[in-house]
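One structure follows; several queries about it will come next.
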């Protein structure tokens, strides 16, 4: 066994996109890590922080630090939530008694793809995904965590995967958290531009390091009746080629966000 | 009741977001800029080193602002120039207006200056019966349309040639034979040339105030700025106090970086340096030289150590060009002198956080602006700080404050959080089951207006984890 | 400069603004130390062959650059350029070397000299010397001593008569020298000119010849 990772599951993944976390666990286990999920966790505080309510975000951040204080290493299937801990906790908790713990925790908190490539030093995870895929460079991962190549390195090792580059891959998809609700017209327009870039690739799937981007894009793509579906990075890597075709299609339907409506 | 700035912004943003023609025009303009910018970057061996140096120069200037402003003033005054320090728009406009009326100025030719837009100098002069000609080609165009500049570097980038040809036909009283850009420029040249040679006063801005040499530096391409500062009898410079740089040699890196970020050029066609009125023995030049140093809220921003670096801005426009929000709503939607990321960061400081905080929220915080800023201003983090400042100033809605109070309570208590999540999923499932999706009662109607609904999972991750754990 | 009472009453805001600045700056900013100190060498590629670089940049800037061996050749080139222009007055910087070369090149041409004042609006061309040439950006540095301000911008064609020894490698050198020689104390104006006037304000399409010269010609003589 390689060691233990503590899973940090973003609140919206926990409540709305559980498959993202399930596939993250699957991949981590497959490459030899024990995964523990501190069940006491709730939210890193990002929604309040981003909206300017730092006094409300602060106690959540402190709670988070306490919940994960014992962790050897923390892995999170989201660039934006990882950013919250790595980039913003030090400032947010500058006056807190937990400041030093926060800084120490930040140094061992990783986004999923950077954990695989930079910490575990693995790019080949034994995945099979015989489909065309295009990659959207989620903003937090790209510009706050400086994740440029890691997801691509992982995707290039996936058996059968045809990676197609999209133009303007680094342009924001338009989600931006509460921005999507407060400025929904602009958010949708940005999403539509992104959908056009995606459509131009002709890829069957689009993936990213942030499931929030993918949730927003699936909504936009679905409204346009686009053929491309979104799928989180770990969900691609979780495909191991051991299931038969119909099982694979079914599990794929669950993993892509374009499920049938309940 | 008239709409607030925030309400107007939302309305204009809604219209522009849906305007596919506008998006196409801007997209083409920005693609052109992107290509030129890449070429420009390739001419600089180490772009990151260049940004670092520019940041250092501006940081030194701003953090010793009094020293460098006084050095600049001393040199200008020693040559007979006049330096006037204006606390705000009113004082700046009054100075220029009084100067103009005292010297019997009937016509002013003006080269591009965002500060003059900020203080509404054109309006103040026209009220005093003085004719003001905007001579920058893009500014000339938007002046005829009676609108403000769309972009701080390319004021008319939202217009197609056909629209400009029609505009000239309507407003210039002459037959316009073609919409070819070269033809239209020639028309403007003829019209403005008369103005250059008859105006009594030329007004310019300044890209930089060089402290050790006591000169202003202006970066232009068209030559209109040159003519404004060569022919009329009086030259007035209107500039923000933050434009100062320590040394003449600093321009060796600032000029190429400004040009690269602004237009993709290696350097602008004209890098003009002016230290005063004409000296005896010179063939021509203005007889009087005035510099109006405008504060208008800048000294207040200076006092905020967290955001002081916002004053480092060299007004290149790169952040506007890369911003996906700007690309989708355009410059006019912001309703401010300065649009785009720098405008969103700066305007609450110049014009009040209560009225303009919405601009700091109208961003997905993607960080592209920060990544291109040639003086390394941490723009998107300043937007975050503005949001925090807004809530701390009590400028946000009470309902939102309460909502986050409740949210915090839930997040501090896992059982409440889990119950809250479960209830939300349940409520949505019921709503969808009742066919309320898309209706006024749809709790997710903001989402569902533009997107297909989020699929609802049967159980949360933690419930599944607990179930799996119990099974083993 | 000490503030006189009269100046204080004319511009009371001056002292207020300075006070606000000083008060604001009492709180220092936090500065992260950079990874390495920057130096000029890191930012721009050093110029190996200034003459070659200058010529390349002139082409890119849409400027004309003609190499000539001596003043006779320069006069010939100047004659060619002037003949290609419409009839009409030209404006020339009043300098002995220019008097010589213009007399050779265009003996019958109507000339207004800079000693007579500003160029007239209808000038067909202006002819001036330069303070320096800059290889890095393909620029000419002119000052008020080079025939005044209008000399390099009023006419549709600006012709610069320069020599190779005037060529410096880069902006840093040119500006450094201007600083040391206090060029801007002796001249109210200077300008680094890097091409013909232009605009891209309509649809980002480049149009040459906006308000300034459409044509910028550099006659670059090997030696004076």
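Lettered A, B and C in written order, each chain numbered from 1.
One rule holds in what follows: a residue touches a chain if its C-beta (ideal position, glycine included) is under 8 Å from a C-beta of that chain, and two chains touch if they have at least 3 such contacts.
What you see is a predicted model; the values in this text were computed from it and never measured.
S.K.: Any chance you could name the chains that touch chain B and chain C both?
M.R.: Both chain B and chain C are touched by no common chain, going by the contact rule given at the top.
S.K.: By C-alpha centroid distance to the whole-protein centroid, which chain wins?
M.R.: Central chain: B.
S.K.: How many angstrom between the C-alpha centroids of chain C and chain B?
M.R.: It comes to 29 Å between the two C-alpha centres.
S.K.: Could you tell me the distance, in whole angstrom, between the mean C-alpha positions of chain A and chain C?
M.R.: Centre-to-centre distance between chain A and chain C: 54 Å.
S.K.: Indicate the whole-number Å distance between the mean C-alpha point of chain A and the mean C-alpha point of chain B.
M.R.: 33
S.K.: If you look only at chain A, which of its residues touch chain B in the complex?
M.R.: 9, 11, 13-19, 21-22, 37, 39-43, 45, 47-56, 59-60, 63, 139-140, 142-144, 170-172, 174-191, 193, 215-216, 218-220, 222-223, 257-262
S.K.: Touching chain C in the complex: which residues of chain B?
M.R.: The touching residues are 25, 28-29, 32-33, 44-46, 49-50, 52-53, 56, 59, 63-66, 69-70, 73-74, 77, 79, 84-87, 91, 135-138, 141, 154-157, 159-161, 164, 181-182, 184-185, 189, 192-193, 196-197, 212-215, 221-224, 226-227, 229-231, 241, 247-249, 251-253, 255-256, 263, 266-279, 282-285, 289, 293, 295, 299-300, 302-305, 308-309.
S.K.: Provide the residue numbers of chain C that touch chain B in the complex, in ascending order.
M.R.: Touch residues, chain C against chain B: 1, 11, 13-14, 16-18, 20-25, 27-31, 34, 38, 40, 42-45, 57, 60-61, 114-115, 117-119, 121, 137, 139, 144-145, 147-154, 170-172, 175-176, 178-179, 184-205, 207-213.
S.K.: Which bits of chain B are touching chain A when the two form their complex?
M.R.: 10, 13-14, 17-18, 23, 324-325, 327-329, 361-368, 370-371, 384, 386-392, 396, 400-401, 404-405, 407-408, 410-414, 417, 421, 424-425, 429, 432, 446-447, 449-457, 459-462, 464-466
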